[in-house]
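What follows is a set of notes on a single structure, which appears directly below.
Here the chain labels run A, B, C and D in written order, and each chain numbers its own residues starting at 1.
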Amino acid sequence: MKIKKSWKQKIHEVIYGTHTQAGRLFDIILLVIIVYSVIIVMLESVPSFDEKHHKFLNYSEWVVTILFSIEYILRIISINRPKKYIFSFFGIVDFLSTIPKYLSLLFVGSQYLTAFRILRLLRVFRILKLVRFVGESNNLVRSIHASRTKIFVFVFFILIISILLGTVMYIVEGPTHGFTSIPHSVYWTIVTLTTVGYGDISPETPLGQFIATVIMIIGYGVIAVPTGIVSAEYAAGMTNKKNIAPGKTCPDCGTEIMRIDAHYCRECGHKLSDD
Amino acid sequence: MKIKKSWKQKIHEVIYGTHTQAGRLFDIILLVIIVYSVIIVMLESVPSFDEKHHKFLNYSEWVVTILFSIEYILRIISINRPKKYIFSFFGIVDFLSTIPKYLSLLFVGSQYLTAFRILRLLRVFRILKLVRFVGESNNLVRSIHASRTKIFVFVFFILIISILLGTVMYIVEGPTHGFTSIPHSVYWTIVTLTTVGYGDISPETPLGQFIATVIMIIGYGVIAVPTGIVSAEYAAGMTNKKNIAPGKTCPDCGTEIMRIDAHYCRECGHKLSDD
Amino acid sequence: MKIKKSWKQKIHEVIYGTHTQAGRLFDIILLVIIVYSVIIVMLESVPSFDEKHHKFLNYSEWVVTILFSIEYILRIISINRPKKYIFSFFGIVDFLSTIPKYLSLLFVGSQYLTAFRILRLLRVFRILKLVRFVGESNNLVRSIHASRTKIFVFVFFILIISILLGTVMYIVEGPTHGFTSIPHSVYWTIVTLTTVGYGDISPETPLGQFIATVIMIIGYGVIAVPTGIVSAEYAAGMTNKKNIAPGKTCPDCGTEIMRIDAHYCRECGHKLSDD
Amino acid sequence: MKIKKSWKQKIHEVIYGTHTQAGRLFDIILLVIIVYSVIIVMLESVPSFDEKHHKFLNYSEWVVTILFSIEYILRIISINRPKKYIFSFFGIVDFLSTIPKYLSLLFVGSQYLTAFRILRLLRVFRILKLVRFVGESNNLVRSIHASRTKIFVFVFFILIISILLGTVMYIVEGPTHGFTSIPHSVYWTIVTLTTVGYGDISPETPLGQFIATVIMIIGYGVIAVPTGIVSAEYAAGMTNKKNIAPGKTCPDCGTEIMRIDAHYCRECGHKLSDD
């Protein structure tokens, strides 16, 4: 019993941990295999490449599938609460990245689902711990988080504007000029408002072109709003950090001294020594 | 007389108020019906969908129209000054969202006007009180408001530039390359300046392509201006609010108290009274 | 002699001045005529409109031309140094907005040049004194001015990048895929880098599409640079203004007190009274 | 021996130095020849121009090639450690900008490689020392440098999102609507996300258009992130530099001196020594 547990723990350490050398090696190998599997899935979808190298691609897929299956099983075995892993986001992704290949033996067409394997790329963020790099004390994440309500309302506002202007364009241009329905006109309005501008549909009547112009200028100006919010929040985060005299606290009551130029503790009135 | 008034007041409370449970329930139901009616209007404009489900869509429209009519009448009855409501923005929108369906019995083609119903979506902002979410003490609204003159001048400047460059492009490219008239060239210039770029018209002469390049780089650089204004105004609003207790000074030495949570003056150590 | 001079002065006051009621009225009438003449020029270029209303448009043009001619002559007469006006920017524009119509009697095709009249729109800025509205103490103009060297270097950098990447795309894609020459490829690169994306040419080889992707992401990221510069300069301008205690000067030496929290004049050491 | 060395030194001074008048003249002439050679390479690629002026272009190329060859040899001769120059970035570029023309005598098609000459344009930055203009104490370079990790993670994040959404679009739209393979769909997703929007491929199914809409709005919102980072870093750099005399404190009371131009401490009135 003791031996078996230690065996499990060792696997857990290698698969889930990053402290041991074996754990780090496992992460790097996993990363390489994930990137390799994504390249295989992508190349398989290119008809000209798939024709020439179908055999090699199919072989590679099976190798990757079996490796992923082993990893999946080991992950379940070595964890204390397997259910929590199985029904977690990454648990479902790991399952969906192996099962389609086996199903392809039974059903034709299920190989499309191997594309789910691409979701495993998200594990890259976890392995590389990229989020940590993003900013000192995650200022970027914090500022996006702080402005999420505002950005949600902004997107909602954009949608309402798009539905209104899309309907106007449907009435003005009509199905004869490519605005075949209101949903299609709304799609066109968003294409224009976000300054993407495919040109698959474009207004042809003078009035339609005038309204299109108004939409473009709105879009061009409105782009300022989310940028302004995120910039300001981010800058505020930076300033706050800077204004704090690092590590300076009132010797009497322990309050953190926020203003560099303070002479007296703002909590207890204790005279601060100048340093 | 007293009973009738109380009956009116109850309706007023439910329709206009949000304090009672019935009022909140009414708002949610209204919201659902508005969204439902917008979806109906949108689907009706899709030919393939309308063909299959015309009967159901028409029936739904009538139900929604009748519900909106009842709501409209109740709103007029239960308000003290009906004229003010009838000629308000939402009063007109509410009227225009019911009348076209009745008119469609008399005139063919007036069903297009049911699209006005989409304007009722704007009521969503009122019901959800989304504006409140936008920012603490409406900093976003304030900063857009503060920079409105600058943005107006900016848009005006963009328009003049567009008319000038559009005319130049009309002379350079001419009707043979798709620049059929000056208004059309101005339309193209705005499409390019805002980086939308449909590609329905694109310059073909080397000189035209050179000028197009200049327009693009102007547009790419000029996008910085509204963003810079809104960012700076927004940031200024945040800084002001966070750091300064408005108008609070130390009663002993007159130092402006910067931190809202300060208990003692940071200059002379005088105890501040909490307010 | 004395009477003649006073007659000149009166015209000068009306045409160049804005202090008298007549001067302001003249400006408003001039503004209306300029906008009217621009609309005429634009409508004349629309073939379908010109066909129907050719006579009216031609008549309007002559009326505007004669009015502009009279204004031009009066401007020359009433100014002290006519040469300075004639060879100034607006002097040349005013001349070019009248002469083409007279030339059209002699040469066919010179009516195109009436489009120069559109440049008179720039006078709108002068008449409305819009620049004054742009910002308190022209902060916007100042911040654009302060960052002009940086923006020039930025544009220069964009151009070099575009020439390099355009050449690479010419070699990769070649004339068979629409990249007919290096200048044309450079044009395409700028279209892509500024996120305009007409789609008149688009890469077709996998390598070309990969490089295009890199160009797009550069363009998407690089847009941050001018915005960042202008935002920061603008914000700095706002902050500076705020830090200045408005109108507070040292009572002893007259130095402007910049820091609100200063206790002593930073120039002469005079103790400042708290207010 | 002494004479020869002084002869080498003189050449070194002219070619590498910018202090002497001859050195500055050499730089300007080199700049003109580089720009001229770039124009020649560009014009040569325009079929219609090359046909008419082929002889002149070929002659110009040979003149430029010989001048560049002489410069290359002189650079090697006059430097102390020739190997360091030859294998430096500019050494390789200088070599590649001369050799293709000589090779064109032996091999057909190698004239394409003369396009490498365009890389010499980068020398412009060195000659004009443009980097110096970018900002006082290179604040722009510093802020881009400071945010490089964040921008790298951001680009990486965009790529993962693009691969995921590109795969979804490949499954939804499929090869019949132009999404021929996953790499091609990923290319389309980046075209949409960066708001370039060529329109060479555009979604046709309602579900595809809905997902496209989501991608556009993500792209429109996400553009705020790099702008926010660069703006904030740049603003932080400006604030630091402008307000704080680095490390300067009042010798009497220890107050940090904020204004560089202060003569007296603003806290205690102590006279500051000028340094």
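Here is the rule we use: contacts are C-beta pairs under 8 Å (C-beta built on N, C-alpha and C of every residue); 3 or more make two chains touch, one makes a residue touch a chain.
Worth saying up front: this structure is predicted, and the values here are computed from it rather than measured.
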| item | value |
| --- | --- |
| Of all other chains, the one whose Cα centre sits farthest from chain D | B |
| Listed chain pair A-C, C-D or B-D that repeats interface A-D [over half of contact pairs the same by residue number] | C-D |
| Interface residue overlap between copies chain C and chain D, same or different (over half shared) | different |
| Cα-centroid distance, chain B relative to chain D, in whole angstrom | 41 |
| Whole-Å gap between the CA centroids of chain B and chain C | 29 |
| Interface hub residues of chain B, defined as touching at least two other chains | 183-184, 195-199, 223, 227, 229, 231, 233, 235 |
| Contact footprint of chain C on chain D as seen in their complex | 38, 41-43, 45-47, 112, 115, 118-119, 121-122, 124-125, 130, 133-135, 140, 143-144, 151, 154-155, 158, 183-184, 187, 190-191, 193-200, 223, 226-227, 229-231, 233-235, 238-239, 242, 258-259, 261-271 |
| Residues of chain A defined as touching chain B within the complex | 149-150, 153, 156-157, 160, 163-164, 167, 170-171, 175, 180-184, 186, 192, 195-199, 202, 206, 209-210, 212-213, 216-217, 219-221, 223-225, 227-229, 231-233, 235-236, 239, 258-259, 261-269, 271 |
| Of chain C, residues touching chain A in the complex | 195-199, 227, 231, 235, 261 |
